[in-house]
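Letters A, B and C mark the chains in the order given here, with residues in each chain numbered from 1 onward.
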Amino acid sequence: MPASESNLTLHGAFARQFSRHARAIIRSPAEVANPLLFFFMVITLFPLGLGPDPQRLAEMAPGILWVVALLSSLMVSGKLFASDYEDGSLEQLAIAPFPLAVLALGEVSAYWLATGFLLALASPIFALMLGLPATGIFTLMVSLLLGTTCLTLIGAVGSALTVSIRRGGMLLSLLIIPLNVPVLIFGTTAVSEAVMGGNATSWLALMGALALGSLAVMPVAIGAALRVSLDQ
Amino acid sequence: MYFESLAALWDMDGHGIYVWLAYLLTLCPIIVMVWLPIKRFRQHWRWIEAESRRSGIDVGGAAGESAR
Amino acid sequence: MWTIIHKMGSPPWFFRFSGGLVKWLLPLTVCLLLVGAVWGLLIAPPDFRQGNSYRIIYIHVPSAVVALAGYYVMAFAGAVSLVWRIKMADVTMRAVAPVGAALTAIALVTGAIWGKPTWGTWWVWDARITSMLILLFLYLGVVALFEAYENKSAAARACAVLTLVGTVNIPIIYKSVDWWYSLHQPASIKFTGESAIDPSMLYPLLLMIGAFYCLFAVTVLLNMRAELAWNHRDASWLKQLVQGT
């Protein structure tokens, strides 16, 4: 522990929480690779199920990519606060002299970098596999970058609510899928518009607004939900 | 009254089956929605009644036994 | 104002008050539902475009309207529960969730049945139907979360957080589904709104909306009373009430 512990600022607390979890994630690369592998495998299922016709796959590609992104965020968010809850560090955070919302946000940001951000970076490969026209790829990346911010934050609320419940996985999907509907619609529409040569900027702007809004509101809900889970 | 006969009311120009099915499928859950909490309330009410009677008799029974 | 809120928060007072209220609200609800149904089914004229199948509107629209309003009631109770930690608000939330889910399900089923003669299929991914489906998921999520927690006061606060997040989201969900539908709308099922509804059709509809609000109120009150009777089974005021009858 550094000597300056006592005058740790809010920024410092956030940064510390962020780096602690970022380091934990780096130490277990399998955790990072899992969502990407999941994405890769589910993308493979679609041509097998829908037939290999490139025309048809390209038409459905925006929807497929976005649905799979939503599913992989669903898969990841279940584990978000689980280890913290089990080893008791969540209780430590709850009595820390900083808002739980800010500390949780630090953890969520680290997770987002390892999942949503990486997914957005890797998405062009998946887009090429489905034959998404090149005009849509940039929009896909930007929309995933903004959209996964919302997905991760909403997923974190669900995870915070269900962390104390044994086998809360199914419940988690029930809680957060309806809340993710707008992100899915905006994301798919933005990519489709870009592919068809339309104006995708307005949809991306909407997603940006949604991301900023979630960034403002959701941490408070995450903090409140974590406190409830600790009371359980 | 819009319909001229019971048969016309039942048939509704061929749409009767849909209309009556919709009303039936609304009526059933409404009855369940009202009946379930009433049943639950009655159960709890009877439980409390039995409980307070039992505790009352218990005291009386103990007194009776000591008297005997 | 504060005394009313204070009274509402007191179980004995609420129990007596709601007991009196239910006694006349339940018959009133049954009467309103019967009158509305008879008016809508027998007396109102048929729609010139849809014929008689439009009569489903008298249950479809009221159940949908009240189901959506119910979510806001639940959110309000959730906010009260989070801020003031009033037990009665927890009980209210718990009572509203299944009633709202049932009303949403009624709206969905009647919508599907209405779709068959109007559109030729049972299910259409229409904007309003899709929004109702999402609302059903939101309600079911609250019910399931309540059941999953063992500590019921924590359950109530967890559901309050979820409902408040849902309330912020509902307008966004509705708007996004609206846009989604207008982008994909197939030409064959264009359906202009009932903006020019005739008074002879409107009055029974308004009556039915009122009837469904009464139904909502009465079922929520009945659920709350059943819950309260169990929560306070050891309280002396309740025992006195039971023995008094």
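Here is the rule we use: contacts are C-beta pairs under 8 Å (C-beta built on N, C-alpha and C of every residue); 3 or more make two chains touch, one makes a residue touch a chain.
All figures in this text were calculated on a predicted structure; none of them were measured in a lab.
Chain contacts in this assembly form an open path, with each chain touching only its neighbours along a single line.
Compare each chain's C-alpha centroid with the centroid of every protein C-alpha atom shown, and the nearest one belongs to C. The mean-CA centres of chain B and chain C are about 20 angstrom from one another, to the nearest whole unit. Centre-to-centre separation between chain A and chain B, using Cα means, comes to 46 Å.
Rounded to a whole number, the gap between the C-alpha centres of chain A and chain C is 32 angstrom.
On the chain B side of its complex with chain C, the touching residues are 1-3, 9, 12-13, 15-16, 18-19, 21-23, 25-26, 29-30, 32-34, 37-38, 40-41, 44-45, 47-49, 51-52.
The residues of chain C lying in touch with chain A in their complex are 82, 134, 137-138, 140-141, 144-145, 148-151, 153-154, 157-158, 161-162, 164-166, 168-169, 172-173, 175-177, 179-180, 183. Looking at the complex, you find that chain A touches chain C at residues 154, 157, 161-162, 164-165, 168, 171, 174-175, 177-179, 181-182, 185-186, 189, 210, 217-218, 221, 224-225, 228-229, 231-232. Residues 26, 33, 37, 41-46, 51-53, 55-56, 59-60, 63, 99, 102, 105-106, 109-110, 113-114, 116-117, 215, 218-219, 222-223, 225-226, 229-230, 233, 238-239, 242-243 of chain C are the ones touching chain B in the complex.
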